[in-house]
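Read through the structures below before going on.
Below, chain A partners chain B and then partners chain C, in two separate complexes.
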Partner chain A sequence: MVHTVIQALILGILTGGVYALMSTGQTLVFGVMRVVNVAQGVLVILAAYLSYTLYSQFGIDPFATIVLVMPAMFAVGVGIQLLFIRPVQRHRGSVTFEQTLLIMFAVAVGIEGILDLAYTSSYRSIDTSYANASWTVAGYTFSVVRVLAFALAVGLLGLLWLLLNKTPFGRAVRATVQNPTSARLLGVNTERIQALGMGVGVSLAGASGAVFGLIYPFDANSSYDLVSRLLSIIVLGGLGSVVGAVAGSLVLGVAEAVVQTFSPVWAPFTFLVVLIAVLLVRPQGLFGSAERGAL
Partner chain B sequence: MSRVIRPDSWLVRIILPLAALAAVPFLMPQAWLLNLAILGIMYAALASSWNLLAGYTGYISLSHAAFFGIGAYALARLAGTVASLRGYGPFLLTIPIGVAVTLAAIPVGWVVLRTRHVTFAIVTITVLFIVQTLAFNLTGVTGGSEGVAVASAPFGASDFELPFYWVMTALLALAVIIFEAVRRSRLGLSLTALREDEDKARGIGVPTQPLKVGAFAVSVGITAMVGGVWAYYISFVMPQYAIDPLMMVGIALTAFLGGKGTLWGPTIGALIVVPAQQYLAFQVGASDLYLVSYAAIFLLVILLLPRGVIPTLGEHLRARRARSVSVQSARDPEERLDEPQHTPA
Partner chain C sequence: MRRRILSNRARRAALAVSAVAALALTAGCAAANGSSAQGSAKGPLVIGISLSLTGDFGDTGQAAERGYELWADQVNAHGGILGRQVELKIVDDTTSATQVVTNYESLITQDHVDLVFGPVSSLLTVPGAQVANRYGYAFIEPAGGAPNVFALHLHNIFLAQPAPVLQLGQSFVDYILSLPKAERPKTAAYSSVDNPFASPIVAEVQQQLQAAGIKTVLSQTYPSEQADLSPVVARVVAAKPDLVVDGTQGEDGYETIKDFVQQKFSPKFLFMPNDASDPVAFPAAVGMANVDGIYTADDWSALADRPGNQAFIAAYVAKYGGTAADIDPTSAEAYACGQLLAEVAAKTGSVSNATIIRALHSGTWTTIEGNLSWNAYGATNGHSGLLLQWQDHELVPVYPVADAAHAPENPKPYWGA
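Up next is the complex of A and B:
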């Protein structure tokens, strides 16, 4: 019993790391642009398909494909911002939140359609030689793929922290998150920051795509399940808070893994229950600031 | 304009448009046209009931498709167990389903409406996806991915669609009549104040939380009733169609296209979107290009007509009236009420 729970905890933390990679990208996009990226789930799947193709066609190791997939997804993110968000922004002066929400929803549906066209709707999985390998430490199983994925997540999140806190770009991003108008007055090109911020957020989805494909079989429809988890995570963490997204990922990753161990059918319910608990106790989320109560 | 028929009367705003919709089956009795009309009115009813929440409170719910599915499953399950319900019986069954969902939505709404706009929208999306996952997983109730069959309606083949058309129209009527009745009441003023500035509204004594929860509950209750009628019409409920994120975008976009917060905007939106969507489905088949083209329509609508048909038209009309010097210098009540940003019309 104790062994089972600890094993579930290990699994949950490792999975939570991957969720963190996806959800920090999403919460960053919200922070910079006030755009809820409901397409993040399908973008992860898009990246998973890209890795799958690179692996199956050219034999590139899935973890190595990240080097190619991340820049590609960065471009996709910037493209979405320039093509769909910015025109509305220019047109109306400021984008109302519900419009961008619907735009991202439509973008998600469009990408899903394209993926269905390109890859049909049969499940794919990235089967490497080490896909099912695992290490056993003190009686506990550590899946090789999940450990590597967790390490990757920690590494990339560290880089993200450096990018946000130690570079001029990061300072501009933080200024835009805090107050776009003041940032503009101080000479920050917020439009450019928003496009690049979207790119960074989506490239994080890109990095997690390969990992997702290694862990789970997927098709374009998997994105719905995924995005509901990600949205629960960023609400739990507090919208726009990167630290909150990481914490929320670990909490929900662990909660899900524990429930999954005992009752697979009720695992999706975990997210709903945690979400309701958060809304009852602390509607602004773990790390959401109280003065943003109007969110 | 005659003095007897005022543009702001129930006759003009509710009865005549409904009469026009009721005349449709006599004008185009072909089954395939009626089928299209049923779908159009269904979306109109869904968007209009969605509009009861979004139009009055400004809260964008993306969970309505989940309640649609709940209504559909409820009807499928109940019509199967209550054997005496044949023919028109299942239509009556939507009334207790609607009441039950409305009551059940009060605690749900109370929890999800603890958040403000952005978080509310996200939470409701999550609810939608989780309910869909549950529909797949709770095989005991929903039959999982195999779905639930509903005994098909025993209407003759020649006029099979008619009862469904009437019932869908009745549900649309329910939504618009509630909308209009609220607009004319003190409740409408309170809700409008809430939408414009929730904190100020609460400050001057508007009971914001009960109002929001009430609007949410009534709104999803009607949505569930529409779901029930839909289940009876297609006589098969499958999770991917009963709780469909695509339908959710469809509902919201339909309302946006016509004009969120206006009385007939959602209906006009539905009567544009549904035929366009069906035409596309017909052209490209139900293949996956359908999803892409669907997304393209949505993006075009938002990028080109961000405020919706009725508000845009209203703006043009006002601009024109303003140019022809103020003939009616006295403020026309309609002119003021048409502005969706300030008062729902």
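Up next is the complex of A and C:
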């Protein structure tokens, strides 16, 4: 049993890394724009399809496709902001939580419909020569893809940290998160920052999509299970907190994996119990701020 | 696949409306079909069908469309049904149970189609059959084999498959128990997603194999929303069973195989009643190198020795291209619906709905799905479907012996071997 639990722990941490990549993008979008991005799940799936197409049509390795998919998804994110959110923002003076929820839901349904038409409802799987390979270390199995995905997540999240903390753009993002009015008074073009922030958030979905397609079979509807998990993660970690999203992802991955070794039926419920317990003690989440964002 | 269960109140209301509507309308239908019963009508025989051409069941719906259209082409090339050319009126229900109701209502009351055939999946068959019953229409259907379809207690339903879906595992049980005791698996693990089309099948297999002395070392059910199955599969691996019965449904089946490969565990026997039976999607999702040795079950196979099967395959390949291995069983199921209608017409000289319902409730009818007969509520009387096994990258029927193209091969080769 000890062996099984440790194996589950390993799987949970590796899976948590993939979730971290998806959820940091989502929490970043919330932090910068106060947009509840319920489309993040379908954007991950869109990226998975892009990576699948580049692999199956042009033979580009899925990890290498990230170099192409991330910029493409960055453009998608900026496009969503400019085409769907900014017009409402300008027309009404501001955009509310409820409005962003509906806008992003409409975006999600639209993208899902297009994917369904383009790729039909058949499941797709990115099946490289190493997709099912694994290493065995001291009797424990490490999936090659999951280890690479975890490493990718660590690398990209490190770059994100540098971007947010060591660059003028990052300073502007953090200023916008903490107080958009003051940021504007200090000369930050918050509309531009919001568009770029959306782009960065969605580009992280792009990177995780390529990885997702390597690990899991998917179709256009696969986003529904994803989005509920991602929302739970960012609420647990604290809305708008990148560190919180990473922590929430690891908690989700480990909690589910370990509980599954005892009873698979209770695994999803366990995470919800953790979520509710944390919110009762800290309504702002593990790393969230009671007032404004806490990037 | 998913299903929807009507509340008792809704069902009672539907039946009450059905009773009144049927009294008012069956007379009209009977009159309308009276001329066709004599085979004297000159117009085409219009058959209305609601199919999921888009949405979740889009691929399955399109497979059914190919089967229906192939049958209609063949019938028309031979002079039609009782001298009338068959005209299919197929409308898309977008995999929506609501749209199915609208479609069949519209086909029957506005388009005044002569007959209707069923949609794909039990989810859509339930509401579709109720509408058809309300207007006295026979409902020969290709793919609604779940218990809730027959729980409607309607007499107009006829499933064009050899056995209801919950008996999908029976052929595997029969095969295992046909083996000498020394060759049977000694231990078994049962794992299933919590889904009405998966867990009851696995439970039935477990009950019978356990009673036969095969020791259960693991029995687990996981929720359908479980995103990552690797820890679930790790439990199976840790139990080290000879036999794994895996009740998967869709993406979890594909992921399970990937996890087995990654965790380097290959059981001697692996039975996956649902996902592994897809001759195209399954190898595409898990890799062709990983399919050999896996057992699955289905109602139809290109290699099954059934009357008319080879003619159907030849016509299908001629019309749509590809090979026999590319044919989705749903196409065969839809084609069998047409075969049943043609046989009733040939035997009775009528295609009135009342005649079809009366005729199909007696006797046995030969189709490429096997010899079919039904109980009062539309479930086929068959004991089981076909046991299939992936051998040399091909899905072949291996049991019952009468339908087998090859003998089963045990133990399952290691992944990629």
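Please note the rule applied: the second predicted complex is superposed on the first by the 280 of 295 C-alpha atoms of A that agree within 3 Å, B and C clash if a C-alpha of one lies under 4 Å from a C-alpha of the other, contacts with A are read in each partner's own complex, and residues count from 1 in each chain.
The rule we apply is simple: a contact is a pair of C-beta atoms (placed from the backbone, for glycine too) under 8 Å apart; a residue touches a chain by one contact, two chains touch by 3 or more.
Since the structure is predicted, the reported quantities are computational estimates derived from the model, not experimental observations.
By the touch criterion defined above, A:I114 lies against chain B but remains apart from chain C after alignment on the C-alpha atoms of chain A. In the superposed pair of complexes, A:L11 makes contact with chain C only, with no contact to chain B. Within the superposed three-chain model, A:E191 lies out of touch with both chain B and chain C [touch as defined at top].
Once the two complexes are laid over each other on the shared chain, residue contacts for A:D61 go to neither chain B nor chain C.
Once chain A of one complex is fitted onto chain A of the other, the partner contacts of A:E256 are limited to chain C, with no touch recorded for chain B. In the superposition on chain A, contact is made by A:V265 with both chain B and chain C. After overlaying the two complexes on the shared chain, residue contacts for A:S222 are found with chain C alone; chain B is out of touch. Note: residues 116-117, 121, 225, 228, 265, 268 of chain A belong to the chain B contact set and to the chain C contact set alike, using the contact criterion stated above. Across the interface of their complex, chain A is touched by residues 60, 62, 111-112, 114-119, 121-123, 125-130, 132-134, 137-138, 199, 245-246, 249, 252-253, 256, 288-296, 298-299, 302-303, 306 of chain B. Taken in their complex, chain A has these residues touching chain B: 34, 36, 38, 84, 87-88, 91-92, 97-99, 101-103, 105-107, 109-110, 112-114, 116-117, 121, 224-225, 227-228, 231-232, 234-235, 239, 265, 268-269, 271-272, 275-276, 279-280, 283-285, 293-295.
Residues 3-4, 7-8, 11-12, 15, 116-117, 120-125, 127, 131-134, 136, 141, 143, 215-219, 221-222, 225-226, 228-229, 253, 256-258, 260-261, 263-265, 267-268 of chain A touch chain C in their complex. Put simply, chain C touches chain A in their complex at residues 54-59, 194, 220-223, 225-228, 230-232, 234-235, 238, 250-251, 254-255, 258, 261-264, 281, 284-287, 290, 415.
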